[in-house]
Amino acid sequence: MTQNYLRADGRAIDQLREVTITRGWSEHAEGSVLIEFGRTKVLCTASFESDVPRWLRGAGRGWVTAEYAMLPRATNTRSSRESVKGKIGGRTHEISRLIGRSLRAVVDLESMGENMITLDCDVLQADGGTRTAAITGAFVAMADAVEWARAEGHIRKNAEVLRDSVSAVSVGVLPDGTAVLDLPYPEDSTAGTDMNVVVTGSGDFVEVQGTAEGAPFSRDQLNELLDLAVTGCAQLDNLQREALSR
Amino acid sequence: MTQNYLRADGRAIDQLREVTITRGWSEHAEGSVLIEFGRTKVLCTASFESDVPRWLRGAGRGWVTAEYAMLPRATNTRSSRESVKGKIGGRTHEISRLIGRSLRAVVDLESMGENMITLDCDVLQADGGTRTAAITGAFVAMADAVEWARAEGHIRKNAEVLRDSVSAVSVGVLPDGTAVLDLPYPEDSTAGTDMNVVVTGSGDFVEVQGTAEGAPFSRDQLNELLDLAVTGCAQLDNLQREALSR
Amino acid sequence: MTQNYLRADGRAIDQLREVTITRGWSEHAEGSVLIEFGRTKVLCTASFESDVPRWLRGAGRGWVTAEYAMLPRATNTRSSRESVKGKIGGRTHEISRLIGRSLRAVVDLESMGENMITLDCDVLQADGGTRTAAITGAFVAMADAVEWARAEGHIRKNAEVLRDSVSAVSVGVLPDGTAVLDLPYPEDSTAGTDMNVVVTGSGDFVEVQGTAEGAPFSRDQLNELLDLAVTGCAQLDNLQREALSR
Amino acid sequence: MTQNYLRADGRAIDQLREVTITRGWSEHAEGSVLIEFGRTKVLCTASFESDVPRWLRGAGRGWVTAEYAMLPRATNTRSSRESVKGKIGGRTHEISRLIGRSLRAVVDLESMGENMITLDCDVLQADGGTRTAAITGAFVAMADAVEWARAEGHIRKNAEVLRDSVSAVSVGVLPDGTAVLDLPYPEDSTAGTDMNVVVTGSGDFVEVQGTAEGAPFSRDQLNELLDLAVTGCAQLDNLQREALSR
Amino acid sequence: MTQNYLRADGRAIDQLREVTITRGWSEHAEGSVLIEFGRTKVLCTASFESDVPRWLRGAGRGWVTAEYAMLPRATNTRSSRESVKGKIGGRTHEISRLIGRSLRAVVDLESMGENMITLDCDVLQADGGTRTAAITGAFVAMADAVEWARAEGHIRKNAEVLRDSVSAVSVGVLPDGTAVLDLPYPEDSTAGTDMNVVVTGSGDFVEVQGTAEGAPFSRDQLNELLDLAVTGCAQLDNLQREALSR
Amino acid sequence: MTQNYLRADGRAIDQLREVTITRGWSEHAEGSVLIEFGRTKVLCTASFESDVPRWLRGAGRGWVTAEYAMLPRATNTRSSRESVKGKIGGRTHEISRLIGRSLRAVVDLESMGENMITLDCDVLQADGGTRTAAITGAFVAMADAVEWARAEGHIRKNAEVLRDSVSAVSVGVLPDGTAVLDLPYPEDSTAGTDMNVVVTGSGDFVEVQGTAEGAPFSRDQLNELLDLAVTGCAQLDNLQREALSR
């Protein structure tokens, strides 16, 4: 397999879709980012609160949590609202937990003090990779909320709350065996193996979640996928940095 | 009270906020509109389905329904997700029903055939008037979905599905007794009387919902508010027409 | 249209059904009223509590709230219990909120002290106008609860808790264009426009909720309906006064 | 212990409270009864439907089921609505099932055809013995619904649907060891043993549910309680018969 | 009917199935018992907590409660999980309440101090009599938890927490009129009358719950069933005693 | 790091706990296995049904799904029942989905015909690794259910339904940096990185789920963990084979 391989949307196998990070998209939240991975659009807002969940009170540490959701018509066919069904599906729960864990991995909860940041990641339009876009955008929104809290005096001036940055990307194996980076829905829905990888700015792993949808995958394929993911996240890390420096 | 009266945001008492109607904001839905009434932003998507709810099957008529929701951080402080709480609040229910009724009032359900249009109105950012923006935007999204369905052959070519247009606006009485049009949140939260009025393109009423939050209101005040609302909806009707002609 | 117009039940267009207000129908509650608007029967109980909801504690004010419900066989065909379905429908929520707002409009919450009155309005038999009967009866039950609380020393002797009285009535436009007062179910289900109006004893409006079920309504029709409603509520105000003086 | 023993309300130990059975209290249902055991008031409506639950379709038999509920202020202190809490409590479930079983015990489901009767037993005011009043009243409402269905041709003219009558009563042991019949709330809440007994018109048992709230009870006490219950139900059977003959 | 009557599984009419009581089956709980009544297997764990439910705080007394549940495939056909359905069925509620009441009947809550014991009775395999096995096993698990708490100093050394022992058994009338003890599922599902009886070690009754599934039962049949139950519980009492002495 | 490293329970770093697989533990299910990984005990039952979920009807393929749950006192402190809370937590959902996916990866759904197998994995006692034990045990239960269905004629005699076997194991990095296999709760709760790996009998990956609980992990650590997991699963594969050959 070579770099000349052409994907349906014309990208190289190790090429990200166009990624746009718009800070301050929404005015009320302490941090807010509209992140786009191609046609996937996720609104990430960070809400800062000078309190922690009950089970953490008095421990002198902060907390970071996330909730992921999709608008009913973010996808090609309308799906029922989870609020109307009266319960949250397994996929929603799983992704919310993943986002929360990924962000906490780069936060020094002690230096946050007894404060909480809630990341709401609402998918306005879906075209594959919504959870990885959410993690990547939520990190930027969280960074803005931390700076807001520092400016307002809720967090100590010189506390190093963010120990590192974090971003995520999907990788997968197409039916013809080609491993590719950042899958849009048409690729994602036919991929034999699907993997979401969360990587820090310094290149270590926070989460590796690989699933064989069809045939199981070999150690070699796994390595190939991890290589692609590390490359992709390095680019995302740059984009985050640029966005935060604007 | 004269037209010289100045509101906190500098508008005249009978002046709408800046209204923007962006068609096709989201790519999957048969109709989609991002409508803005000042800082209030509502994404309205219209989903067309060649089926009707079970209770209507075989009746030879169509159906139009709506679901309204707010993102958790659309407002100044974060509110819990209704999907997480496991139930929909009274306010959400009430507004969803209002939007559905308002749209059905201008649709000839018989000429739709056994098809259904679902309007999802998701408030991305709230600053007062979210339900009236939702009705106004949803009408445009519905009109696009009807044309899509006509082009696809789901609705007869010459069926006059939309008998009229419909828009909505809020009016209210400020603490000093001044009646004003299209209230942003700071005015809305202090208004003594709050009224939402839904008006057709031809100037008749679909809904009149007036509530005394503080002191009850007189017949004279009611008339003054209705005058303002009729004026405001006439302007919204023009904006809808322009948007649909682009 | 003249006063000679005859309705299906023989009433004049501006005539209420026979209204009966029975105080003390139930023995446990601090106030309890069985109110009948013709065949519509609603049991309204007022429960007094020396506490307020959590969000109001320490504010030095009281609270009045309401819950509306229908017995499963209050109507012509049995409907499922909302407790069995595990959630409350939109209509129930909407009416509960309307009753609460209507009553609070005539209560001086400050002079109540940190006390709460809950009005339970349970429809034992329905024949149209259940929400207007509920508001009218609930006011009387609330008045009894206030007197009970005064006698027991929970409310100051000379506190003027009730600033005014409040009652409600439905008005609507029949298919032949006639505007009528206090619609029983057969009229209500065919009416083109349906309006519920809540009026204080001194004749001002607390709520005006008009809905075009079929064709939108004109300003003239709206005025005609409001005239009828004001007339009807004046009669209901008299009946409340009589009941309270017995 | 002699018949001279005087209870708090002046009754003899084997004396029922005043029992009133009002047929046709509510106009919509196929059978409806307001039954009063002293201050306990239960509205029992029987809804007839020409259908059976899905699991019974095609079996050629009918079904009888019941739902029991209490208005929030039926008791001395207000309890939360189960519809608002979103789930039905264990006690409610238990009593609904008891009423359904008790009625089915005297019904020949085969001769009903594929029809269903639902008994709604709503406690409007509670003073002990609500489940026994419900069973006793529901039988009468069911009998009326059966006659209605026969007259309407849903049930065969000469089908003997009701094989027997059924009624229920509570018995209990007071703190001083006295066994008494038909306990009002003050006795019920202090009784050491509490028993509800459901008896057919011919004197056999359908249900015997005895519970030691405090000290366990002996075989002798059990026998004494059963004697009282059989006596009480025989009187209720007479009252049902009288009511049905009016 | 004589002792020579042979049941499908070869037992005499007054003979229990083989009963096995295994203490300490599970390692985490303060008391844990796997109890088997023939093929019926119930795991009963007793969890001790140094706290009481909120409504009991400050009263100086303890509490004992129980939760009963069945694994989805404990029975012959799989049933849906109540956690997945999102609500607990009436039968589950009813049995949980029965177990809790039965155990509290032999506990001196005062001498427990402000401590709580929760009995979880999970049916791993069902073949009739699950609730009676649960009560019988839960008593042993509770006794172990009480001793644990005494050893740990949560309960006073010489406090007589358990005033008596308690066990339970089912009895019923087979279609041929024979009254039998301890019914497995095949007998239980065809029995005309079904009764669960809870008896203390000293032979008094805690609960008597008899239900006519088919024909109502006479006073004589009731007496015969009670005789069998008392005999059965005396044997269970011995088995509990043996288990606790090991 | 050498093989001489000693863990708290005396095992080598690449040593499994004692694994026991008991087939036929429960009598009703078409396949049932009690699997033990040290003190972790999971009961896996496989229920066969000649039907598929609605969305799959007519597609000519079968389905395999799983539900995971924990008894309230499977753990060291009692947790609330999800049936009582009325909703399933995120962790439960996530694990149920993981088990289902893992099993489907080795099943040829086409050759199953329109049949469904549901795996219920109930944790009776938890000491780390419950999800990996569940997958490993569920495969054996599923294999038994497939053979049952073949014998009963529900599945074609020579259909190769199971394309491979599948097992799972946890690996992790202890605080001192040592990578270890099959973590019991005390190790699991302090591990910096936690990974669950699902491997087929032929040594390919079905799922790789690695999470940094504390510090992110490097590519080298990831490789070391994967080596351990592949070794562990090879041993589990042998144990499954032995169990199935008995």
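Descriptive notes on the structure:
Going in written order, the chains are labelled A, B, C, D, E and F, and every chain counts its residues from 1.
Operating definition for what follows: a residue touches a chain if its C-beta (ideal position, glycine included) is under 8 Å from a C-beta of that chain, and two chains touch if they have at least 3 such contacts.
Treat the numbers as computed from the prediction; the structure is a model and nothing was measured.
The chains in contact with chain C and with chain D alike: there are none.
Considering every other chain in turn, the ones in contact with both chain D and chain F prove to be E. The fewest steps needed to get from chain A to chain F, moving only between touching chains, is 1. Ranking all chains by how far their C-alpha centres lie from the centre of chain B, first place goes to E. Chain centres here are Cα means. That of chain B falls 51 Å from that of chain D.
Rounded to whole angstrom, the centroid-to-centroid distance between chain D and chain E, based on C-alpha atoms, equals 28 Å.
Per-chain CA centroids place chain E at a distance of 33 Å from chain F. Shared contact sites, meaning residues of chain D that touch two or more other chains, fall at 86-88. The ring sequence of chains is given as B, C, D, E, F, A, with chain B as the starting point and chain C next.
Chain B makes touch with chain A in their complex at residues 26-29, 32, 39, 43, 45, 47, 49, 67, 69, 71-78, 81-88, 92, 118, 120, 122, 124-126. Those residues of chain B whose C-beta lies close enough to touch chain C in the complex are 87-91, 93-94, 96-97, 101, 105, 164, 195, 200, 202, 204-212, 215-219, 222, 226, 230.
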